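Some structures to go through are shown next.
Across the two complexes that follow, subunit A remains constant while its partner is subunit B and subsequently subunit C.
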Partner chain A sequence: MKISTGIEKLDEVLDGGVKSNSSVLLLADSLVDKSSFVQHILSARILDNDKGIYITTSKTPTNIIKNMYEYGWEYKHLVFVDCISSTLKEKPKSKYALKRKITKLPEAFEETLKLFKQALKDLKGFKIVIFDSLETFMGVGAENIAEEMKELKHLFDDTKTTCIFLLTDWGYEKQEIKKICNAVDTVVNLGTVEKKLLWMNYFQFDELPRIFFQITQTGVGLYVPKILITGPFHSGKSSTVHALSEKAVSVDRLGTTIALDHGYIEKKGIVCDIFGTPGQERFDWILKILSRDTWGVILVVDSTRPETFKRAKEMLKEVKGYEIPFVIFANKQDLGNAIKLEEIKKRLGLPDVVGTSATKNEGLEEGLKLLFDKIFKVK
Partner chain B sequence: MRVETGIKNFDDNIEGGFPEHSAILLKGPIGIGKTTFCNQFIYQGLKQNEASIYILFNARADDIKKSMKRFGWEIEGKIIIFVDVYSWQSGELITDKYTIINPADLNEFNIKIFKAINELQDKNLKRCCIDALSTLFVYIPPDLALKFVSSLFAKLKAIKITSLITIEKDVLDPKTVAVLESLTDGMVELNYDPIKMTQRLIRVDRMKDTKHPLTWMKFGIGDNGIMVV
Partner chain C sequence: MVEKKKELENILKALEEIGDVVGSAVVRRDGLLIASALPSEVNSKSVAAMAAAIVGTSETSVKELEIGGFNQVIVNASNGQYVSIGAGAEAILVCLLRKSANLGLVLLEMERSAKKIGRII
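Let's turn to the complex of A and B:
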């Protein structure tokens, strides 16, 4: 049986979610906030009536709860295995806690596992366990950790437990990492790439494409850093940007965009920056600049003015629209003299045309979804 | 190019300053003047309109600013980010984005340092101070802490920052100190004169690409900061 992680796209790449009663490793690079990522999953599981157990070696339970509260995540009945409070000279509140600071690492690891196993036995029903995180114990040797993890697997089966281990790779030997990876059923990578001083987080399963995400107030959302909205003069690009995004800004003059529109979308687990281009030919040089590194293009055409279609196709070519995912918004469909969608498709000779009305906010979400589907075409 | 420490008569002994993009370890007992050394090093950069990152384990940013003011080092309006790994102890609500909430969480620490680096990268970021790194080892197993430190030093070097890292004498075990030494490009040691206990001494143990004396030199802390005699 598969269980949902609460992150739609992650479920999709994992073919329906995580196998229940199994172990997962989230192998993260040092710039990903892996704890917040996994807390989103934890919350989804708790909402699905799993019992949550959080083994913490670096954050105090209070701070974990605070973080989950701030994101609006569910943490009811969450049980902590607290291996940090005593190190920070704080009195641990949990029943499962190291009562004193243990300086010898092997001993600390052993004690932690003991508490963990006890908690597994005490709690009935389906359980989700977060182990945050393994690197604290890497000093006892990857081999020893891997062995313990393999042994735990039997226990997971017996106690209906799905366990997510976290490990930040602080530059361990490949062999060490491999050993840990081999000790679990599923490995998901969490990484970052730097692009022009911008750090982008992604998750990746197997050899499948990386899926970029951002953690915002609504949780883990897929991140599309740039979508370009282009189209001929007066086709309704700015209106489209503003209709899609609540907080959009435009650089315009008497209502005509002369530099760009910028909007930010946060919908249905997707976070996205959108840029609207000017439509006039004399601004084509801006079009070229804006089209760099874009992930997808929305081409807006005016359904009432078929004479502009040629220019529209040229613009799409200008932003390399044939090579990157694009959709076409046949705008102003609400007007009486609008050409029918089928006719527009025929005249443009391009696929994926959606009828929209930016002013009435119709068809936009549907079109956006189509574009996101094309961008995230995983298989 | 050398990176001046701003310490009178000291820079002359090390060819004008620390080698560029190096990581220098500053070792000494409590109260000898390590933090003043750091403050002076940071202020020297700020004075030249360089940006700095100051990672604090044993004091608040306000404490540092106050002690700098005592020497007439005004940093108001200068470009500096304090990464605070101290205030969490107060239990107060932390809202500052560069204050660490979980001192044992290297992941959080790393992300916040890099946010600071990101913010300053196009603002002439040249210097970084970590005072005192030894405190990190109180919360984190040494193996892990050293892994982290090594990755941090590598990154600081890669983005061409010169860093000064202090450690308290006798807090860390000798093995850990040996690894820290191997990760850095130089070491400066401060100590009291074993005979005349009130006399402070400074010595350059080693420094890459630098000709320097190996003798102990006397130094004092006056109205204008540290001064080597």
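Let's turn to the complex of A and C:
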């Protein structure tokens, strides 16, 4: 059986989610906030009535709860295996805690595992466990850690547990990393790349394409730096930008956009900047400026004015839309004289046409999702 | 990788030490914000998008008018002003200034910083 991670695209690349009663490794580089990433998953599982166990070796339970609270994530009945408080000379509150500071690493590892196993046995029902994180114990040797992790697998089966181990790669030997990877059922990579001074976090499973994400106040969201909205005069581009965004500004005069619209989207697992172009031909030179480095295009057409479709296709060409993912918003579908979607598809001769109404906020999110799917084509 | 960002932030910080600079930002030429030291109440993402459009538009018009190479855009308002200049092929430097700012001095410093930014990128 597969269980959802609460991150739609991650579920998709994992073919429905992670296997129940299995172990997962999140292998991260040092620039990714792997703890917040995994806390989003933890929250989703708790909301789905799993019991949560959090093994922490570097942050105190108070700090973890604080972080989850700030993101608005669920941490109800979360049980901590606290291996840090005593080291910091704080009194641990959890029943499962190292009672004193242990300086010898092998002993600390052993004690941690003991507490972990005890917690697994004590708690009934389906469990999600976060092990944050393995690098604390890398000093005892990857071989030894991997051995213990393999051993734990049986216990996961018996106690209905899915466990997510975290490991930041601080430049360990490839061999060592490989050993840890081989000890789990699923490995997901978390990494960072720089693209022209934008730092982009991604997750990646197997050889599948990287999925870029950002962690915002709404949690882990797919991240596309820039989407362009273009289309003929009066097709509803500005209205679309404003309806999609939390915050948007327009440079418009006399009811028409003369420079650009800019909006920022941060909702429902999607994060991006959107740029709207003017539609009138006399501003065509600005299309080149605005379309620079865009990841995807939304072409907005007026469903009541088929005579503008030719111009729409020209604009798509102008912004090099045919070379990157694009979708078409057949706008003003709420109007009585709007042409049917099928007819518009036929007349445009282009795929991925979505019926929208920017003023009534209909079809927009669905269309945006389709564009994101095209950008992060998984299969 | 992170060092680059730090370097940029340091350049912006140094700019603010010139008394007349109220805030500044580095913007990609496609309108995305790279680093911002603009006042917190400013919607810096939108300002970034507009600055890119202003610079792009100005550069294009300079070309059309055949009046040489583009230097900077200065926007003058009743309570302040702001200047945008190119910083290498990929970026733009934007500075928000006090109304009474010593423009000559600020421009000099901005050009120096823009060169540094260009090198970093």
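Going forward, the second predicted complex is superposed on the first by the 333 of 379 C-alpha atoms of A that agree within 3 Å, B and C clash if a C-alpha of one lies under 4 Å from a C-alpha of the other, contacts with A are read in each partner's own complex, and residues count from 1 in each chain.
Assume a contact is a pair of C-beta atoms (placed from the backbone, for glycine too) under 8 Å apart; a residue touches a chain by one contact, two chains touch by 3 or more.
Remember, it's a predicted structure, so these values are computed and weren't measured experimentally.
Enquirer: Answer with first, second, both or neither: which of subunit B and subunit C does A:199 touch in the superposed model?
Expert: In the superposition, A:199 touches subunit B and subunit C alike.
Enquirer: After lining up the shared chain so the two structures overlap, which partner does A:87 touch, if you call subunit B first and subunit C second: first, second, both or neither?
Expert: It touches subunit B, and subunit C stays clear.
Enquirer: Where does A:218 make contact in the superposed view: on subunit B (first), on subunit C (second), on both, or on neither?
Expert: neither
Enquirer: After superposition on the shared chain, which partner residues are touched by A:135: those of subunit B (first), subunit C (second), both, or neither?
Expert: first
Enquirer: A:4 in the overlay: touching subunit B, subunit C, both, or neither? Say first, second, both or neither.
Expert: neither
Enquirer: Looking at the overlay, does A:20 come into contact with subunit B only (first), subunit C only (second), both, or neither?
Expert: neither
Enquirer: Quick one: is A:31 in contact with subunit B, with subunit C, with both, or with neither? Answer first, second, both or neither.
Expert: Both subunit B and subunit C are touched by A:31.
Enquirer: In the superposed arrangement, which partner chain does A:293 touch: subunit B (first), subunit C (second), both, or neither?
Expert: In the superposition, A:293 contacts subunit C only.
Enquirer: So subunit A touches subunit B in one structure and subunit C in the other; where do those two contact lists coincide?
Expert: Of subunit A, residues 31, 197, 199 contact subunit B in one complex and subunit C in the other.
Enquirer: Using the touch definition from the top, list the residues of subunit C that touch subunit A in their complex.
Expert: The contact residues of subunit C facing subunit A are 1-2, 4-5, 8, 26, 28-32, 34, 43, 45-46, 49-50, 52-53, 56-57, 60, 90-91, 121.
Enquirer: Flag every residue of subunit A that touches subunit C in the complex, lowest number first.
Expert: 31, 192, 194, 196-199, 225-226, 247-249, 251, 259-260, 262, 264, 273, 275, 285-286, 289-290, 292-294
Enquirer: Within their complex, state which residues of subunit A touch subunit B.
Expert: Listed in rising order, the residues of subunit A that touch subunit B are 28, 30-35, 57-60, 63, 84, 87-88, 105, 108, 133, 135-139, 168, 170-172, 197, 199.
Enquirer: For subunit B, which residues count as touching subunit A in their complex?
Expert: 101-108, 110-111, 114, 118, 121-122, 139-144, 147-148, 150-151
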